Each structure stands twice: as structure tokens, then as C-alpha cells.
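So, here's a batch of structures to check.
Paired with chain B in one complex and with chain C in the other, chain A is shared by the two complexes that follow.
Right after this comes the complex of A and B.
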């Protein structure tokens, strides 16, 4: 069990992380979403012990990561851009990882290298997709129980992306590892994650299963004779996503049945439920300002 | 085995898996006694979370449609005994009522409605015991 407990972190006077708490179990996949600059990477780096929190703890099976560095054997972190190992050859990197991680399985590593057809050359000669696959293979070969991936599928073609996601799913179902993925690709998370953590302004916005998230939102399209009644627009859990002519698209958050009956009470000419993606939820709950921070 | 999952639907993915496996069995694309893909195979094939597949398999098992033999795998049961679930039957009746309402507003004739129902019953072998339908066709 990986437990993040009331993490606070200030960098150069900015409160980057505030009161972050959640728990991840083995055998599960968690997705972390949030806008750029919201503190996702800082949180991941704090979890794996690169950053020390100002207060709060990160524990693995009740052992504090920041006080007992030996427990880091159980976590592997793959940063979003891995330029670091660029000038090394595959052999050297294996040597390094083998020295660091007690359970590193070189046999398994080379087996996977063959399976994905990666050449045993210098990393410099690798394409972006090959590098991503390589780091994935390397991190899972450590046989760590917790794998933290910072935007693992960023900028990859659909085939490599699929290979990576398939590989993650296999590892989770076979070895019972826990994977935490930070990403902007909501369509991927939607299908493979058990839970979704949203970060907003350095705090946890929500921590839910995809099913709960979907059950608490509904997207509907409505048409009223005289435009959207003010009473509907004023409902605290209803958000107007878009208005085109007389057609209004609404996102209902919680109290779905009651809200729908309120809306129906105004006798819309037309009301229809629309398919909804995690992206709709993301935009409506994390959207906020239009500029990046 | 190809399932067609819609992550945008508000029906949870595990439930979509349950429904589609049941459909495949009724259509006899999956035969009694046939082995289903393992949780690992199914989840990596569909690119969905392994726990989602486990949940779907558990539900199918609970409904008496498949069985898991330790160390061997998951199989479609030889004879599927229909289980009367009062709540589900009532929900189904309500869904049918809704369909009748909708179709009358769409000007669908009673004859066409019944004809469609019959053709689906014929195609899927419903209306009779599943075990029976698989033996007589």
C-alpha cells in the first residue's frame, strides 16, 4: 500500500502542493490528471523521494520513503523526458539498474527487448517511441511493486502507445504491481484506470473510480421554446457547456434524477442524453481560467 | 473474441462486457463448455483494466453463465439454468413498456413491432431456456 498523507510542498515561496492525501493498492492502476503547472510532476517527484515534502509523509507498507531510503527499492519512477541516460549504451544502463535495484531481472529485461524488437545500441540512436518503450521495459524489469509514470505516452504514435498500454495491463494483471500514471490523454485513462485523481491548484480535486465519476455526471442537450430558463442555468450543479441557437448543452454534476426532473418541469421541446467522456468532466471541473499557469 | 465497448456510454464497462458475453453465448458464437480468454488476455486485448474484466467475470459467474475452474480457466457453463431475478424482470418489463411508448409515437405498427420482437427472439434463441435453444438449432 502506497500512502500519501497530508503532503505540503513550497517551492520558491509558492505553495505547489497543499494537503495531498490518497492511498493506492497493489494490483491497481491510477490515473492522475490536471492542467499543466498544477503540480503533478512535483507530486510524483515527492512520492518517489526526489523532493522532500515540507510536511506530511509518503509511506510504502507503513515505511516512510523519506526517512528510510531503502524502501525506494519498491518504487520505480519514469520521468516525462528521459534525456538523462542518453549517452549510455543499453548494457551500461542495465549494469546501473542491476546495481541499484536488488531484484532487477536482466533476463526478463532482455526477453522484453527482443519481444519489442529494440536494438542493443546507444540510447542516442533510439527514436522517441523506442525510448519510451525502453524506459517502460527498464522500469518494470526492476520488479518494483509501485511504478510511477509521468506522461508515458506523450507524443507517441498509436502503435507504440498501444504496445505500452498493453504491456502495463499485462504487468498489473500478472504481477499485481500498482501503476500511477500522470497523463493528459484522458481517453487512455478512461479505459485502463481503476481510479482517477484530479489535481487542481496544488490540491486533490477528486479521487474517484471512473464508474463513480461517470455516474455523478450527465451531459444533456436541450431545446426550450424561449431559450434556457434562468432557473435552470442557476442550478448550482448544472453547467452550461455550450449554446448554439436554441440548443443548449448542459453538464449535470450530482443529483442527476432531481436535476433532470427540474429541467423537464420547464417543458423543454427536446431533451436528449449525450455520450460523455472523461474529457467533458475534466474540462468542466478543472477548466477554470483559459490560460496555462 | 471481439467486444465492442463504448467508454463514453454511461453503462459501466464491466457491465458492457457482461452484456456482450451473454449476447455472444445466445448467438452461439461462444459455445457451452468453451474457454473464455483469461483476465490478462481479455484486458490486454480490449485495453481495459484487468479489475474491470475480473468484475465482469464475477458477475457472469454469479448469474450462473460461466464457471472458473482453478488452474484451468474460465468456461461457458454446459447448461445455463435461467435464474428468475424479480428485480431484473421488473426492470425489463419497464424497459419494454418504454419501447412500446416510443414506438407508438414513431408510428410503428403493432404488427412490425411484434415482427421485430419475434425475429430477435428467433435470432438470439431467447424466449426459451438457453440450454434448450442451443440444442435445437
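Right after this comes the complex of A and C.
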């Protein structure tokens, strides 16, 4: 069990992380989302011991990562840069990982290299997608129980993206590992994650399953004779997503039944529930229209 | 302390300078002695069989070694910070203590090996060449020990600087400044006393002026300086032999031991507390900003005063007005410069 407990981190006088707590179990995929600069990478770096928290703890099976770094045999981190280890050859990297990780499986690593058709050359000659795939393969070959991925699919083409996401799902289901992914791509989270962690202004905004998140929201399209009534727009749990002429798209957060009943009370000409994506939810909860995707 | 993966990593970070260290040793010792042996052989065969002269001055070779060891220290720590490769190293299941000690051991091993290989080769050249007819190269053994102590101390000190310097450039700059700090500060104080002559006795100035007892003691505590003071010569002429081996007194040999012990302990402490979020900046620890601002501005102000005071002297005597103008100008420029630099962040490609 990976437990993050009341992490607080200040950088240059700014409270980048405040009272962050959550627990992740093996066999699950958690997606971490939040706007740029909200502290996602700082949190991941703190979890793997690159940064020290000002207060709070990160434990794996009740062993503190910062006090007992040897426990990091169970956790690997793939940073968001494709520049890492670029001056190394594949052979050198295998030697390096073999010397560091007790359970590193070189056979499995080479098997995956062949499966994804990656050449055994210096990483410098790899494309961005190949590097991302390579680091993913490398981290899973350590046989760690927890894999932390910082924006693993950033800037990759759809084919490589799909390969990576499929690979993650396979690994989690076959080896019972836990994967924590930080990303801006909500569609990816929606496809593969069980849990979504939202970060807002350095704090945990929410920690829910995808289903819970979707069940607590409704997206509806309405048409009123004289436009959206002010009383509806003023409802605290209703957010206007979009207005085109008399057609208004609303997002209802919680108290769905009561809110729909209030809206219906104003006798709309038309009301229809629309399919909802995570993006709708996070645009609404993480910062409105200026949300950066 | 020894970890194969960290060893590989350190080698990758510093490979070009490691080879430069071995090369510097080769071209400054075995290569030179080989040339000497060939010249001696030719001279003794064709000109005079009994005339012989040989000398060895560490001053000729030490500078290359010093540059190399400071660069190795700056690459294994500073380069890692500048390229933000610390994300990789610190995410590994290894303690910070092991990471630091492996960097230290790596450098000390290569210093020892570079000296041992090159001094060993030099020894063989002596034994198996015309040089053997005249002298035994016993001074090489002593030089090995002497250079080992001082180069290890310089390396350990530069590595310690890397525990609070945020990138390669600042680590190199701070290493040079702090390695020369004792004599540098004394020079600045001397200039201050000289310009405020009326406030001090002449004795005060004599105490800090060049050549005084105090400056010679302080010089021995300025790590690189004693390394230049090892010399040997041997002369054989008309059957008469004269030889001399000069090096600082034995207490000076303790100076690098003290520097090494203190720097290693302090470096180890700071490295375990490192703030990787400040990698690439001038300083790793925000708390040191005030201290460094004060120190840098003071030193620049004193240096500016000394420079202006001398440049705009009055009948050969330093000018008090110019001195204070220099202090004010350099002090202000360094204050605003350092404020600006504290905000900067250096990032190089990852390794």
C-alpha cells in the first residue's frame, strides 16, 4: 500500500503542496489531473524521494520512503522528460538497472523491446515516442509494485499513445502493480484509470473513482423560451458550460434529482441528458474555461 | 559506499575529465621523464658521460591536476544538478549518503589511480633508462603521497561546494573562490588597512602584507598553494653530486587531512539535506542567500575599493575617496547582480 499522509511542501515561499493525503492499492490505476503549475510533478517527485516534504510522510507498506530509501525497490518513477539517459546505450542502461533493482528482469525487458520493435542502440537515436515507450518498458521490467508516470504520453502520436496505454493495462491486470499517472489528457484517464485524483491550488480537490465522479454529475442541454432563467443560473450546484442562442448546456454537480426538478419547474421547451466526459467535470471543477488541456 | 550503478553513473557524468586527469599525469610525468632519459642517453654517449642534471617542480604540473579534480567534482554533482538528472539518481532505491560517498570515492579512486599509474610509469622509466646510472627516483614516492593528500583535499572541498552550489557554473566559480579564499581575504584586508593608514599602526599592515609570517601561514592553509611548493633537483658534475628535496614543513601535510575530514563531514550532512527543487539555481539552500549576499557584496566592495584606490592613487599612495567610490560601485553592482542571479536557473541537457 502506497500511503501519502499530510504532505506539505513550500518552494520559494509558496505553499506548493498542502495537506496532501491519499492511499493507493496494488492492482489499480490512478490518474492525477490538475492545471499547469498546480503541483503535480512536485507531488510525484516528493513521493519518490527526489524532494523532501516539509512535513508529512510517504510510506510503502508502512515504511517511510524518505527515511528508508531501500524501500524504493518497490517504486519506480518515469519523469516527463524524454532526455533522460540519452547518452546511454540500451546495454549500459540494462547494466545500470540490473545493478540497482534487485528484481530487474533483463529477459522480460528484451522481450518487450522486441515486442515493441525498439532498436538496441543509444537512446539519443530514438524518437520521442520510442524514448517514452522505452522508459515505460524499463520501469515495468524492474518488477516494482508501484510505477509513477509523469505525463507519459505528452506529445506522442496516437499510435504510440495507444500502445503505451494498452501496455499499462496489461501490466496492471497481469502483475497486480499500481500505476499513478499524472496527465492533462483526460480521455486517457477515462479509458484506463479506476481512480482520479484532482489537484487544485496545491490541495487534493477530489479523490474518487471514475464511476463516482460521473454519477455525481449530469450534463443536460436545455432550451427555454426566453433563455435560461436567472434562478436556474444562480443554483449553486449548476454550472453553465455553453450557451448558443436559446440552447444552454448545463453541468449539475450533486443533488441531481432535485436540481432537475427545479429546472423542469421553469418549463423548458426541451431538456435532454447528454453523454458526459471527464473533461466536462474537470473544466467545471478545476478552473472553468481557462482550463489548460 | 561502493555501488556499481553509481560508479557507472559517475563515470558517465565525468568521463572526458577523468581521461584528461590521466592524460595530464602522463604528459607531465612519464612523458617528460622519457624525454629526459633520451636526452641523457644521447648527451652521455656523445658529449659528456659524467655531467647530469635533473629537476622536478610540482608547480609545473599541479595546475593541470587541480583543474581536473575541480572539474570532476563539478561534473559529478554540479552537472547532475544543471541537467536535472538528479531526478533519476534520487529516485533510485539508494540513500543520499551512499550517493554522496560514491561520488567521493569515485574521485579519490581516480586521483589515486592517475597518480599511481603515472608515478609508477615514471619510476619504471627511471629504473630502465640512462637516468638509473645517476639517481634513484625516491622523491617520486614522496610526491605521490604529497599530491595525493592535497588533490584529495581539493576534490573533497570542491565536492562539498557542490552540496550547496546549484549548478556546474556556480560550483566551479565557488570552488575557485573558496579554494583561494584565505589569501584572497587577507589581500583585501591588507588593501583596506593600507588606505586607512592613519587608523592603524604600521605594524598592523606589516602583519598582513605580502611575505609576513601571517601571510605565509595563511598561504599554507590555502589548499592549492602548498601543492606548488614541492621541488627536487639533482646535479652531478665532475664527480660532485648536489641534490635537494624541498617541500613545506610536516605540519602543512596535516592541512589537507583536516580539509578532507571537515569537507567530507560537512558535504555529507548538506547532501542528505539537499533541496533538489533549487537545482539549476545559484544556491541549493534558500537559507544561505542572506549569508552569500553579505559575503559576496563585502568581498566585491573591498576588491572594488582596492582596485579603484590603486588605479586612482595620489603620488603613489592609495586614494581614500577613490577607494570608497570603488567600494560603493562594486558593492552596489554586486548586490544588484547577485539579486538578479539568485532568480536565474541554469538548465542543461540531461545525461
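Operating definition for what follows: the second predicted complex is superposed on the first by the 286 of 293 C-alpha atoms of A that agree within 3 Å, B and C clash if a C-alpha of one lies under 4 Å from a C-alpha of the other, contacts with A are read in each partner's own complex, and residues count from 1 in each chain.
Quick note on the criterion: contacts are C-beta pairs under 8 Å (C-beta built on N, C-alpha and C of every residue); 3 or more make two chains touch, one makes a residue touch a chain.
Predicted model only: the values in this text are computed from it and were never measured.
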{"item": "Partner chain in contact with A:12 - chain B first, chain C second, else both or neither", "value": "second"}
{"item": "Touching partner for A:27 - first (chain B), second (chain C), both, neither", "value": "first"}
{"item": "First, second, both or neither for A:45, with chain B first and chain C second", "value": "second"}
{"item": "Partner chain in contact with A:69 - chain B first, chain C second, else both or neither", "value": "second"}
{"item": "Touched partner set for A:86, first chain B, second chain C, both or neither", "value": "second"}
{"item": "Contacts of A:205 with chain B and chain C, given as first, second, both or neither", "value": "neither"}
{"item": "Set intersection of chain A contacts, chain C complex versus chain B complex", "value": "none"}
{"item": "Chain C residues within the chain A interface of the complex", "value": "3-5, 8-9, 12, 83-88, 90-96, 273, 275-277, 286, 349-351"}
{"item": "Chain A partner contacts - residues on chain B that touch it in the complex", "value": "5-10, 12-14, 39-40, 43-44, 46-51"}
{"item": "Residues of chain A defined as touching chain C within the complex", "value": "11-12, 42, 45, 48-52, 69-73, 76-77, 79, 81, 83-88, 92, 95-97, 99-101"}
{"item": "Complex contacts: residues of chain A adjacent to chain B", "value": "27-29, 162, 165-166, 169-170, 172-174, 187, 190-194, 210-211, 214-215, 218, 273, 275-277"}
